[in-house]
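Read through the structure below, which is laid out as structure tokens, and then see the notes.
Every chain is named by a letter (A, B, C, D, E and F) in the order it is written, and numbering of its residues begins at 1.
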Amino acid sequence: MATVDKYEALIQTDRIHGSLYTDEKIFDEEMETIFYRSWVFVGHASELPNPGDYLTRDIGRRSVIMARDQNGGIGVMANRCQHRGNMLCNQNRGNARNFACPYHGWIYDLQGNLLDVPYRQGFKKDFANMGLETLKTEIYRGFVFSTFNPDAVPFADYLGRGFELIDRACDLSPEGEIVLEGGWMRHHFDSNWKMMPENDTDGYHVSFTHRSMMQSLESQYDEFAGEEGKIPGEVRDWGNGHTEIDFTGGYKRPLDWLGTTAEKVPEYVRSLEQAYGEEVAKKRLFDGPPHAAIFPNLFLGEMNIVIFQPVSANTSIQWATPMFLKGARELDFRLLRQCEGALGPSSFLLADDASIAERSQKALLSGTPWCDLSRGLEREKHNDDGVMAGHMTDETSNRGFWNHYKQVMTAE
Amino acid sequence: MATVDKYEALIQTDRIHGSLYTDEKIFDEEMETIFYRSWVFVGHASELPNPGDYLTRDIGRRSVIMARDQNGGIGVMANRCQHRGNMLCNQNRGNARNFACPYHGWIYDLQGNLLDVPYRQGFKKDFANMGLETLKTEIYRGFVFSTFNPDAVPFADYLGRGFELIDRACDLSPEGEIVLEGGWMRHHFDSNWKMMPENDTDGYHVSFTHRSMMQSLESQYDEFAGEEGKIPGEVRDWGNGHTEIDFTGGYKRPLDWLGTTAEKVPEYVRSLEQAYGEEVAKKRLFDGPPHAAIFPNLFLGEMNIVIFQPVSANTSIQWATPMFLKGARELDFRLLRQCEGALGPSSFLLADDASIAERSQKALLSGTPWCDLSRGLEREKHNDDGVMAGHMTDETSNRGFWNHYKQVMTAE
Amino acid sequence: MATVDKYEALIQTDRIHGSLYTDEKIFDEEMETIFYRSWVFVGHASELPNPGDYLTRDIGRRSVIMARDQNGGIGVMANRCQHRGNMLCNQNRGNARNFACPYHGWIYDLQGNLLDVPYRQGFKKDFANMGLETLKTEIYRGFVFSTFNPDAVPFADYLGRGFELIDRACDLSPEGEIVLEGGWMRHHFDSNWKMMPENDTDGYHVSFTHRSMMQSLESQYDEFAGEEGKIPGEVRDWGNGHTEIDFTGGYKRPLDWLGTTAEKVPEYVRSLEQAYGEEVAKKRLFDGPPHAAIFPNLFLGEMNIVIFQPVSANTSIQWATPMFLKGARELDFRLLRQCEGALGPSSFLLADDASIAERSQKALLSGTPWCDLSRGLEREKHNDDGVMAGHMTDETSNRGFWNHYKQVMTAE
Amino acid sequence: MNTLSTERRAALLTFVTHEARLADESEYQAWQDLWAEDGVYWVPRNDGDYSPDKQVSHLYDNYRRIQTRVAQLKTGFRYSQVPVSRMRRLLSNHEYFAEADGRFRVEANFFLPEFSVQAVHDFRLWSGRVTYVVSERGDSYQIHLKKVVLVNADEPIPTLAFLI
Amino acid sequence: MNTLSTERRAALLTFVTHEARLADESEYQAWQDLWAEDGVYWVPRNDGDYSPDKQVSHLYDNYRRIQTRVAQLKTGFRYSQVPVSRMRRLLSNHEYFAEADGRFRVEANFFLPEFSVQAVHDFRLWSGRVTYVVSERGDSYQIHLKKVVLVNADEPIPTLAFLI
Amino acid sequence: MNTLSTERRAALLTFVTHEARLADESEYQAWQDLWAEDGVYWVPRNDGDYSPDKQVSHLYDNYRRIQTRVAQLKTGFRYSQVPVSRMRRLLSNHEYFAEADGRFRVEANFFLPEFSVQAVHDFRLWSGRVTYVVSERGDSYQIHLKKVVLVNADEPIPTLAFLI
């Protein structure tokens, strides 16, 4: 109850309190409530093409193993031996028949079942109770979501209209599938994780934070700097904390979002038309991918997939990989270079967002001010499809994030 | 009330408890009570000679901007954008027409007023309420003092007899003004900030901590090592936490405090005589500058100005710059070299004080002992001018600091 | 009472909770209860051969000086000046006539008595009350144990049957004395201190953690990998938290524990026989030294002496030195090389234990699981001598540690 | 093993030392001028034992993108380098090799304790191995490849907006 | 002071640079092959001004123990080096000396920012001075002594299971 | 660009390497003996693009003050160096220049991971660029200027009582 009051007080309609970014106790509560009791994105099935493939990843502060078992199924489990708690895997990825603990040699299968313990006579407990802690897991179009909480809300309730956003991404593939084979950049931020979803769906900062890029490079974002009344596109609150910037309104030609034209990627255009028919393909080629954050830690960043990883109140890691399209792998080279240009530590774009986030974090650590969130409150409105939309420069998307955050943090 | 009791218990007449130096909670309370609710020294007007000149500085953990506006006035304001909290200035100093936030381009004038926000239609709040947080500020002879607390005690009540100490410093200038143009050394200490004012007004340690300097360099401090009964000078508690070592009693000739003689600086002697008359000048040339700490963070360190900057319970920064005298700038070279010799990371003097402070800090972190503060309790007395004075080696000055500290920390 | 309940809940017969390794509050309570209110090992008399010899060491977070005074007595005292708390000694070891504080020159003798303060007239307190804080100290066969708590349980009650273990070590010397003159390696672990006594008396991990050593080097431990029913030796709980692995059962020849034979060290064999008679010597040469942990911080690691030093919940230091035998110093070279091979940062053995401990620590920080401790619960039994013993691979020794730990942490 | 002459090695050492200083001092234009038009500036995401056409890198610039990078830095609004990081990198353990086509390869270990001053004022440590492929141009050299393999290439790394 | 010829110094520099790279890259066998059979590999517990026969060292290997050390690393189960630390050490401030019996001594300062990846993912800093005593073997050299004096030799140090 | 002969450069390298070792090893007197009587030892408070007569420096010693500094260190009671810091600095990226009047200038980047042992037992990192101006004296050189520009010269720095 006290906690509920706290978040009610800190998150107001037109402003939020700076301590939400800096308070380690709030961070702890977020880990428990958001990262351990709710659903989070873990990875993508295409990262584990073969049986025995596994990778490790952190959910909040907890390390998990995501593995493909011999039957081709994908499971997610705690990366910690049930004996004395040793870390089972200390590599980022690999292929294994099973997991052997280096301390005393206990062996688990790819689903986390305890297979054997050395010197079995001395151990009397039932193996069935000694498997790895496994997470409840759901996969939608290859996107693997998990929760530590067996009693979490149904997956569909969590994802809500996020399905539509994932569809929009996958539907760009002639085969309806994305492939994450490009490897992940991991970019360390000395700032709170929530600045990542906020910033990534903030249309207001582009001309200022990215002024140097605007001056030195033509990009698809150029359309979105200009007179207030003439800026195309909009920001959206899809509910459930999922938020978006929609750039479609600013595109002039098909494939603007890929920085190219249909003539230059005829193969891709053709396969999309073959797969979905000319009309559907045309629309998709014009509209392009979503630029949308799925609460709490996934970002469909146009042709990139991004994960937000909280580390502490003051540090986080942003993961990024190009979203390859199954059936259109001739685009890989272009997508790789675009990914490096937009995201990661040396990018033209995110490098500056990261520094701005670190400036903010440092300023917020210095005193505990209110942060204004009122922009566009008066002019946002529900679109026909029921999604709340605002002017490209408005804080509708960020308010969407915070509304949902408050709801989660104050839920019984 | 519990807090009041705590400080009553930790600060006794003849001893103080070690946790006062090491407890992060106490540090937090000091920031709130001393650094954010009371007056502190920020900088000197001479650091900002021209309109548009600004510098950033930390008050406790809070970054502020001190700027000279187009009318020549000096203001102090929080270094944090009122929009989403970004750090406005990330340079130590500069000259600006106004302050533009790099995140979304909000613009503030030199007094902190919000001038403009990009895409104004989306923002409906009254600009008058969205200016930077400004600090209540008073300037005495160029010394800028500020407080975050609009209801702080009147400035004169805070400074008390500190006016006299500042006067003593400024009156050494033929024009009555000091000039801080020499730049600041910043010396990092792995120790609590309170060790700085304590040590700087402690006459007891000189022969021991500074033994190596005594053995390798003649200095004005040589007079103050010797038999207890014959040591000249005294330590003083001026009230309000302001404390002093007065070396005057040990000087043998005019300008001993400058390590020189009247013959060698005839120009200075002449201009002082011209400005104030021979008699007054003579006394000033003999007595020299104060060696006095102004609570909580200013030290008039003879011909140097020093700031104590707390960073955490276990770390602090000591700032130091030579105190140039307007109308006697021919002394600059000498003052620069003396400043480097006495203060800063490579100095003959403070380098050793810093290491001793770090040794103390480490020892106090290791257990929580009492620190004795009884020296000279029986022999201290009020001088004619009402100031409490003790033997050069006594802890009268340190008791003065702690008495006031307790009063501040336990005030309603 | 709440604290009692906490430890009752966290430490169960068949499992313990991971927070015991990671919670900084628990660490603080351990420091108070185990390291400051109970007895701990400090050092060995042979480290201070001459009057005036001293060394500094940390008990928990507190630095102490262990010194041999002019009468040859050994004392242990806080390494902190009674005046303002400065660190008295900042060297690891040395020889001194007395201890002079560098800050204001107070002087203490080798027993910690205050001898002098500079400028005595100003200091009115009784010197008798101003000596260094001295620790209650007992020495058994050169092993120096101390406690900060004047009301600690009698030393004999603390050490319990640990006397027998120390005897077993010292009795290998023809003169009944060990000599610690070889210097200490100090190995930094990013893990909790309790993993050290646990791991050092865990017989279960040897074949797994040390697999690489087993494959590349013959050693006395080879006998202890094999079929469960055929593994010789046993683990023991001696009470009072003292625990052991006894390898004797696996030795085939005298001096197996030294990796040598009687023929190769005839001098040693002869002097042992001369000192104790052939029969006694024979048994000692066969049985060898103990491999036993004395609660909380001493490890008799066969021919090495080891200290566990807690630093924080997540960091510790393991000290190690070879145990030289008075009257058999021709073994020194062999003991030195064995010490380096087994213990310390570059050893064939402990280097891997350290990495395993750090993996465990990291995994335990990631979530708060239970750690199983049930192995061998059903088959452990009391030996004739009343000591609880288990199979070499069982957790009897670790349970012994935790039982005592719980008792100490929940005692009134 | 080292078939290059002492003079050649000395000249190559002088060149890479010069390149390092321009990078340290944020002399963007002069640094760009060292590049050949087929230049590739590469910071792989691990040892570089993958094809940059298949896997993402921290940075994989062709000459055109090098120009863009430099142009962006020169605007003065590249906030991740405002103010510029303070840097004095060390190159050592140089090894020199002759390549085909009259090119030369220099490899060296480096350590760069970047002092970051944009937000966090602290050192950020950069350690790794740099490979240069150069050829003669005028009385100096031009760079065809600069590949910087960080020891923590496959770990989270902070913003890398300066010239490494 | 430096009576060794320029060529000799260059050859010695090439050799120690090569040794450092093998250690960096965990090329265990090739590294072992550099050693002479009377080789001593020593990391003293302070400046090394004590007899290793009287005092314990962090590491004091004769040739046989060097072989054991390498064999253990090569098993792949030396957990303190699974995965291997990522390293690119710097040697600099080289000094060259002629020793008796046709041996040569090279001293250099070094800095090794080990990136540890076994449990804690972070830099561990190693700083000190290395002394090599070598003699010619074939067209290269063999190592008789490698002594590595850490600046924090007499302090607690983390696990040192890689080749330093 | 580098008009100095190979021999000259080698001799200058040997000299600054020697100077660095004396500083590392707290060989105070031998270090002082390297100085010319017009020597200036300067650690500016930023890049050194200001007049030390107008602005304060961390350290600005003429020969007399160098002597005082050394004398103080030699007392054994310079507590900020009791015990002395453990140091092995690296100089690299050397550049060599001829100056007027037969003097020579050597510039190099340096990194010094000081292991501090007076109170806090930990590394303190010092990074920057050092400039020497020297001239021949006997068969070696004497120092007229040693200017040490720290990358964090304009930031708070810890006690710098050793010879940098």
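Going forward, a contact is a pair of C-beta atoms (placed from the backbone, for glycine too) under 8 Å apart; a residue touches a chain by one contact, two chains touch by 3 or more.
Keep in mind that what you see is a predicted model, and the values were worked out from it rather than measured.
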{"item": "Chains touching both chain A and chain E", "value": "C, D"}
{"item": "Intersection of the contact lists for chain C and chain E", "value": "A, F"}
{"item": "Fewest hops from chain B to chain E - one hop per pair of touching chains", "value": "2"}
{"item": "Pair exhibiting more inter-chain C-beta contacts, D-F or A-D", "value": "A-D"}
{"item": "Distance from the mean Cα position of chain E to that of chain D, given in whole angstrom", "value": "28"}
{"item": "Whole-Å gap between the CA centroids of chain A and chain F", "value": "51"}
{"item": "Centre-of-Cα separation between chain D and chain B, whole angstrom", "value": "45"}
{"item": "Chain A: positions in contact with at least two other chains", "value": "87, 90, 102, 209, 356, 359, 362"}
{"item": "For chain D, residues contacting two or more additional chains", "value": "6, 77, 79, 90, 92, 111, 117-119, 155"}
{"item": "Interchain contacts (touch definition) - all pairs", "value": "A-B, A-C, A-D, A-E, B-C, B-D, B-F, C-E, C-F, D-E, D-F, E-F"}
{"item": "Chain F - residues contacting chain C, complex", "value": "77, 79, 82-83, 117-119"}
{"item": "Contact set on chain B toward chain A in their complex", "value": "58, 61-63, 78-88, 90, 101-105, 118-125, 130, 133"}
{"item": "List of chain C residues in touch with chain E within their complex", "value": "92, 181-190, 209, 211-213, 215-217, 317, 320-322, 332-333, 336-337, 339-341, 344-346, 348, 351-352, 354-356, 358-359, 361-362"}
{"item": "Chain E partner contacts - residues on chain F that touch it in the complex", "value": "6, 10, 14, 17, 20-21, 24, 86-92, 111, 113, 115, 117, 121, 123"}
{"item": "Chain E contact footprint on chain A (complex, rising order)", "value": "87, 90-91, 102"}
